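The same subunit A turns up in both complexes below, where it pairs with subunit B and then with subunit C.
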Partner chain A sequence: MSTDQNFSVVGKSLPRSDGRIKAVGAAQYADDIFLPGMLYGKLLRSPVAHALIKSIDTSAAEALPGVKCVITGQDIPKVKYGNWRLVPESQDEYALAIDKVRFIGDEVAAVAAIDKDSAEEAIRLIKVEYEELPGAYSVEDSLADNAPVIHDEYKQDIPNISLDRKIEYGDLDKAFAEADLILDDVFTVHATSHAYMEPCSCISEYDHDGRLTIWTSTQAPYFVQCLLASTLEMRENDIRVIKPFVGGGFGGKMEMRPWEFCSAFIARKLGRPVKFTLTREEELATGRRRHPMRIHSKVGFSKEGMLLAKEFNVHLDGGAYNSMGPTACFLCGNFGAMLYNYPSYRYYGAHVYTNKPPAGAMRGFGAPQALFVAETQMNMAAEKLGLDPIDIRYMNAMETGNEIPGVATISSCGFKESLIKVAEMTNWREKRKNLKPGQGLGLGCYSFISGGVFNWFNTRYNFTSAEVRAFDDGTVHLMTMASDIGQGCDTVLRQILAEELGLKVSDIRLTAADTAVTPQADLGTWGSRVTLMAGNAVRKAAQEIKEELFKMVSLKFDLNVIHDLRCGNGNIYPANRPDRAVSFGEAVRMAQRAKRGEPVIGYGSYTPRNKGLVTPAFSFGAQVAECEVDKETGAIEVKFMTTAHDCGTPINPMSVEGQLEGSVHMGLGYALSEQFIMKEGKTLTTTFLDYKIPCAEDMPPGISVHVDTYEPDGPFGAKEAGEGLVSPTAPAIADAVYAATGYRCMDLPLTPQKVLTGMKKI
Partner chain B sequence: MTLPQFTFLAPTSLTEACALLEKHKGKIKIKAGGTDMIVRLSHRAVKPDYLMSLKKIPNLDGISYTPGEGLTIGALALLREVDLSPLVLEQAQMLARAAHATATVQIRNMGTVMGNVCNASPSADNIPTLVAMNARIVASCGVKEREIPIDEFFLGPGRSALQANEIATAIKVPTLAPQSGVSYQKISPRSKVDIAAVNIGAMITLNDDGECQVARISMGAVGPTPLRARQAETFLLGKKITDETMAEAGRLAAEDAAPISDVRASREYRKLMVEVLTTRALKEAVGFAKN
Partner chain C sequence: MKKELITLNINGDDHEIAVHPWRTLNEVLRDQLHLTGTKLGCGTGDCGACTVLLDDQSVSSCLTLAIESEGHKITTIEGLAPEAVANSNLENCELNPIQESFIAKGAIQCGFCTPGMIMSSKFLLEQTPNPNEDEIRAGLSGNLCRCTGYNKIVEAIADAAEKISPTK
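And now, the complex of A and B:
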């Protein structure tokens, strides 16, 4: 496959296949599903951050008219779960707390009733006697000498560190000894919310055959299927997980969660469907969030600006359970030494339990934190060495073919081109010299993974798979467990399939994300894995079909074996004899005749093998923020964002653009206004009034360009788009604020008060 | 989220509405645009047996102007109407700025200025300018009307001087004296579309020598009710208005502010913002007064 191939469907900004149904309001999300006789579920959550449960009295709740079921930790199988099945002792959660609660919001009991009001009333009638324990609300609290042990039954070398990771290569001590400039700084970064539009919701039904179906707002139907099976003590194949339309996830919906378990458990117990839908307050007060971290980073440079060494020590404030923290801990180590060639590197990351809502996976998965630090230090080093921030990056930048020792080889890289582009687009060098008072220009860069290669879920299936059925009316049916949660893979996978088979997107029927119907398996939508991995599987399935149909066309025209056959415009034809075309449907008909009625079906799967430790492919990019700071109020206005990024071939440029704008939006909130304000484990910012997501009016204008690269491991050259880009925004804005005010932010978010404090006005 | 059960009342006259208030005392809530009340209902923050809409009562909407008296903003005048009203823009453009600063366009199309006032939130966008302009709230019990000076209207967060059987029917904003100017200034944690962390309304009247005749400064979100910056006002009286006097007035306003630290801002930041925004408000108001 060459990079200059003229694609007919790939690379086109086709409208989303789910655009119309969402625009007219007809898309069914989990909460829109109503089943006959269904009950409404509600969870009772712990009001205390750390306590032993002495007793639970559910009698008053059970006596309330309309209440059909009340369950507590005593009623459910004592099976812990967690996504890191590869390390079973890391699975540290019960669906309902059995003897101990570890954060405000920990699920303690569940109720199912005939309506929501009765369920809520019943929750209030449950009496729980707690014996409160001292709490630990920060990394420092948890690692103090007399800190309360949050998981006493989970053996830990250092109390409250659930796991750690080390990376080391090169001669670090020697490199630091030779360095002309050493930066040695401690940064803190904060938690933020996924704030997906659709709060979590699910509905379960248990049939007369003893099998369970759950419709749930999830990014990973397969994880939910497997973990429901283990916690309900059922067989995996007796559980069917269907992903309806999902209103966003951003990493927050990639685990089996207590409401999914409770809905399934009660549905099985009563034989009636049970729905749980969380409120926004529950989501914000108790939901998963991005990891706050304390990062100690020491970097050494030569006086010319070459990177020599980096020591990166990260403590992740994980909250009360592991959740996806182990992966964030793992990846943070990789992101700490991405983008540039670090001759020597030492990473220590520790995942620390605290009595707070657990942090989990969130867009960027360790990268926004690590890159805020890394990019800020690049800007600091440039200033100290008298270099332009573009130049110091360019001289250290990774290139195609570079190796990260023991981790990965960079198979495609448009980083240097991205740097050149943003400098050109912003007139960087001139503009930096001519800033007006209060104006600032700042740079941030990123790299990200296109799916992970590490099988922490310990799946026995391939990482993803696809089945394509071809019909003699010229249509095909694509079946995949890949989950569109709003990011657009239903459209993108159709485009990939249409391109491969020479069909139109409208010729493709799609069935996706139903564990009983779509081929086993797919690990879900996270880590920017779907386009590359599911896309490769779809292509392989299509190629099987092509081979079969090519035989028919070859036979029909008695073609010489040297002929190259093609699919295009709904036809199959020899490349140099397009007149000898057979329609796709006709070729399918011939194949079925030849096989005496057997259908034409292709199957493909993808599992990254021999792709190092992290990912098959990395994206890259650079971003410039232009800001204005009101030096009296500290208010920061982002005036313009300029982005150049390398996502390989953009399968659907409009979708990529949407991802990019969404990333800027999320990065903006991360940098400036979003934060959980907490007091002793209690989240105080539990509504969108006080949890401040940037509004449409806050979005700055911007421009972006795709740098042209071709990723050999990706379908039609594609790789990650839209997750990595959440990282450069905060360091770029912080750098612009530094240029405007002299205040260097090392403690996100960058609030007006911090700006004034930094300027010594408060 | 679902609403709790209640009986919906939609009276078609003020007399009828006030009678219903009297009849269901303690069990009834009023809504105009509903942009606050419906949210509070769905969160179960209030659980009235009756919800009474004012929307069917004639003559409560509209914005009018009587020369010599001033503007009258009806209880049902939408935030969006006040934001865009040529009358308001001509007579009291800062009321339009404050209305515009309230929430989003969707909410401005539903919510009313009066609703924002009657909620009596210390951070309400529309209150500081009305206080600065010495507005009066017209309250009716169905049989007789009274006018409440806005300085006496706010008793605490969410509490106003309205009696249980009274409905606020209009806001009266007196015409500005010659050589007067008004300003509304606001800061919030997010740049736009946000609740105020601090807001300031200021009105100043100058004499021919550029000396301050009248100054009224109202500070929002820095106390349980909107506060007057009395020290600053007294300081300015009779003074020649210069950058220095305005800066000093800002400092004095900050002294009178009694903010708390909460999730929206710290006490220290709010104090400093009172100083900055008061100075800015005075500068802008003086600019208008001189034109």
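And now, the complex of A and C:
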């Protein structure tokens, strides 16, 4: 740990740079943009889960006054798309269905009209004749003999398994043979919605220069640019993607989506701007969601509590298309064995097509599912072996320098400290002994990644990059494609840059996430990659500037050693003579003069190389839930949440707290209240009245503390903070409910009905 | 069906507009007048992102018809700090204390729920100038936020209440 630096901007809880514009209502989100001559778009979606399209009659819709364009799958280039460009056969979607629909909500046609009413009316006038096919609505349905084949155009070894992944290390069979305790359980976990507050929206405009500009609610402008280019059969550079303010994403906005394609396609066809905005009903009924999974986990321990072996078999219910399922399938195997030292491990994950809305990336991305199982089994093993759940974790916990075989070496780890901290803060050992009937205390832990290493998008660019322009008025302009979707990277990247250059945050102008202006490229906001990766790129760009300015200032001071200089307080000065400072602006002026007027520009990029298979850095943490269960009704009340976490250096502690509190919110909803009620592929929970995300009164009080570590691969020691903590909440609550009632939940969500039924069985 | 000609008083200004009787106040604010600070998060009155004040009452603008808003004073988020919205130098403008507290306490992340949250807070603090935590949480129960976990919003409102109506 080398937190030897005295930071002046990093580590400060500065208010976010976009706080004021958001507070006064002036921040423009995609749906807030109106362009002259703009048309309103609307999608027609399939009402059936699995069917062949026999015919589409758009004549009545086209004849409706005010309707300017109607398109179907027959009108668009027959180019499939998907985020996994590295494996082209995994790209299984058309923007509009061609010949076949595969889920209720599959996009079939699009219209553009002069107003919303006409667009909606036109949608109702399109006549589609379907020939319905049998549907498969669960992993079991899809893998049954004679199951309907959902994508019959690919050769699949096992029908409806779009891809699978295996991991194996250690001598598993020998380890199980030697184990004193083997747990062998099947768990099921459910789908949940991102429920970002801003429904997806985009607006496209085609200009006379032959370029298409799209403002879209996205986490990954570069993905949208590339995939629009391929599906529209245009050149990448002819497409400009601008991310306006985005109202949350949580993984749900990291793909090119049909409305983006349709808006761009129609704008190009008509030469008029076209806006599409989804309704909340469309979002909940047809939108991406967290993968439901069936997980068979067998885990072996010695009688002392040491982990010996784990066999982890996961079937992901992927819905009708791959979406981000391949990554979930990949990562779930890693999360299954990330937190502890598993001497032997065998993973098999299979991504299964079903006739349901596709599951995609969602905050935690395979970890909430894998860790619900892993952490529940740790709690079960502790009880069976007569150990404290803290102790069994401590003896198996990952530490700095440990290696996950074939995956990575852990370069910083505050897991053991987190365990000690939550035990102290909750008075764990005493409190567990003195629980009253109906009271429970439970523990869950997590580890998470700080961005991905594996290049599944097959980018030809660096993973992220930054350009910094320095001005002789003492300001700098930072340009980055990193996308703030609410998590606060616009603020955090400014802090990193200000720290490196010794400037104030207010000296920095930022232009972000505009593919025509900001440097190529950045893969987007997902996988908790931005602070570490974009932060490193920004630092490198700043270091280029510094190097150039230091050369100039060295000349002035007759110092011949560059590292004798420092940046601070808007100045550049010799380390031992701060009084002999040259202002940052003056140094820029000198550098510019020496180059006969050329501007001072720094460029930095970051691509994780030689960082193993998964991520450059891992976060860790532990969480304790205190619950009370009403044994008459089965109602669970979470009384208090205690969290200790390790995110390396918090660049902005207030922002980190906000991420952690938001994670508890999402974890609580995952554990208790959020679920899609489905019937034969139809989603019945299509409003926030039925799909219950926790409201202000549902949130338990809590406390979280930060465990101090320094991540050598992160900017100023920082790593992941926004995602990992979604995972421990469900297993911690489930364990507390077990302590309170004797009912062990192996099937999320943990509803009062399940508690009552579970208690009756005991 | 023919449109009605109505006059809506929004943030002190009269706007004469023609609307269909079924048009919601939210549609008029956003699509016709381009007052886009008021958001649309669900359209069914569940999320509160569209909250505005009708006279002194907070309402979901997605469930309120434009024609029934005539004759009332409508206040939207743009009306809380009109100078700031009009002024290009946002940094140096005075905002409403609730807005200041939301910024200072980290109560804003993606910001999409923020205008509705702030309007509900304004209504709450007019009804209950010094609310306790339970009263604040109850006052926010019609406003959903997916980013913050609400705690910093609750803190911000308590902070604003103290600024507006000091207890000490």
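Basically, the second predicted complex is superposed on the first by the 755 of 762 C-alpha atoms of A that agree within 3 Å, B and C clash if a C-alpha of one lies under 4 Å from a C-alpha of the other, contacts with A are read in each partner's own complex, and residues count from 1 in each chain.
Heads up, the rule we're going with is that a contact is a pair of C-beta atoms (placed from the backbone, for glycine too) under 8 Å apart; a residue touches a chain by one contact, two chains touch by 3 or more.
Just so we're clear, the structure is a prediction, and the values are computed from it rather than from any experiment.
Residue contacts after overlaying the shared chain place A:A23 against subunit C, while subunit B stays out of touching range. Legend: residue contacts after superposition of the two complexes on their common chain; A:E637 is shown touching subunit B, with no touch to subunit C.
Note on subunit A: of its two partners subunit C and subunit B, the one contacting more of its residues is C. Shared-chain residue A:T685: touches subunit B; no touch with subunit C. Within the superposed three-chain model, A:L756 lies in touch with subunit B and out of touch with subunit C [touch as defined at top].
Of the two partner chains placed by the overlay, subunit B and subunit C both lie in contact with A:C695.
Of the two partner chains, neither subunit B nor subunit C is touched by A:E131. When the two complexes are overlaid on their common chain A, residue A:E304 makes contact with neither subunit B nor subunit C. With both structures placed on the common chain, the touch criterion links A:D184 to neither subunit B nor subunit C. Contacts of A:T279 after superposition on the shared chain: both subunit B and subunit C are touched.
In the superposition on chain A, the residues of subunit A touched by subunit B in one structure and by subunit C in the other are 116, 279, 689, 695-697.
The touching residues of subunit A, counted against subunit C in their complex, run 13, 15-16, 18-29, 31-32, 34, 116, 194-199, 245-248, 250, 279-281, 485-488, 506, 654-655, 657-658, 660-666, 687-689, 693, 695-697, 699.
Remark: subunit B residues 1-2, 4, 104, 187, 189-195, 263-266, 268-269, 272-273, 276-277 touch subunit A in the complex.
Subunit A meets subunit B in the complex at residues 116-117, 279, 632-633, 635-637, 672-673, 677, 684-685, 689-690, 692, 694-698, 751-753, 756, 761-762.
Note for the complex: subunit C touches subunit A at residues 30-31, 34, 36-44, 46-47, 49, 76-78, 80-81, 84-85, 90-91, 95, 99-100, 102-104, 106, 108-115, 118, 136-138, 140-141, 143-154.
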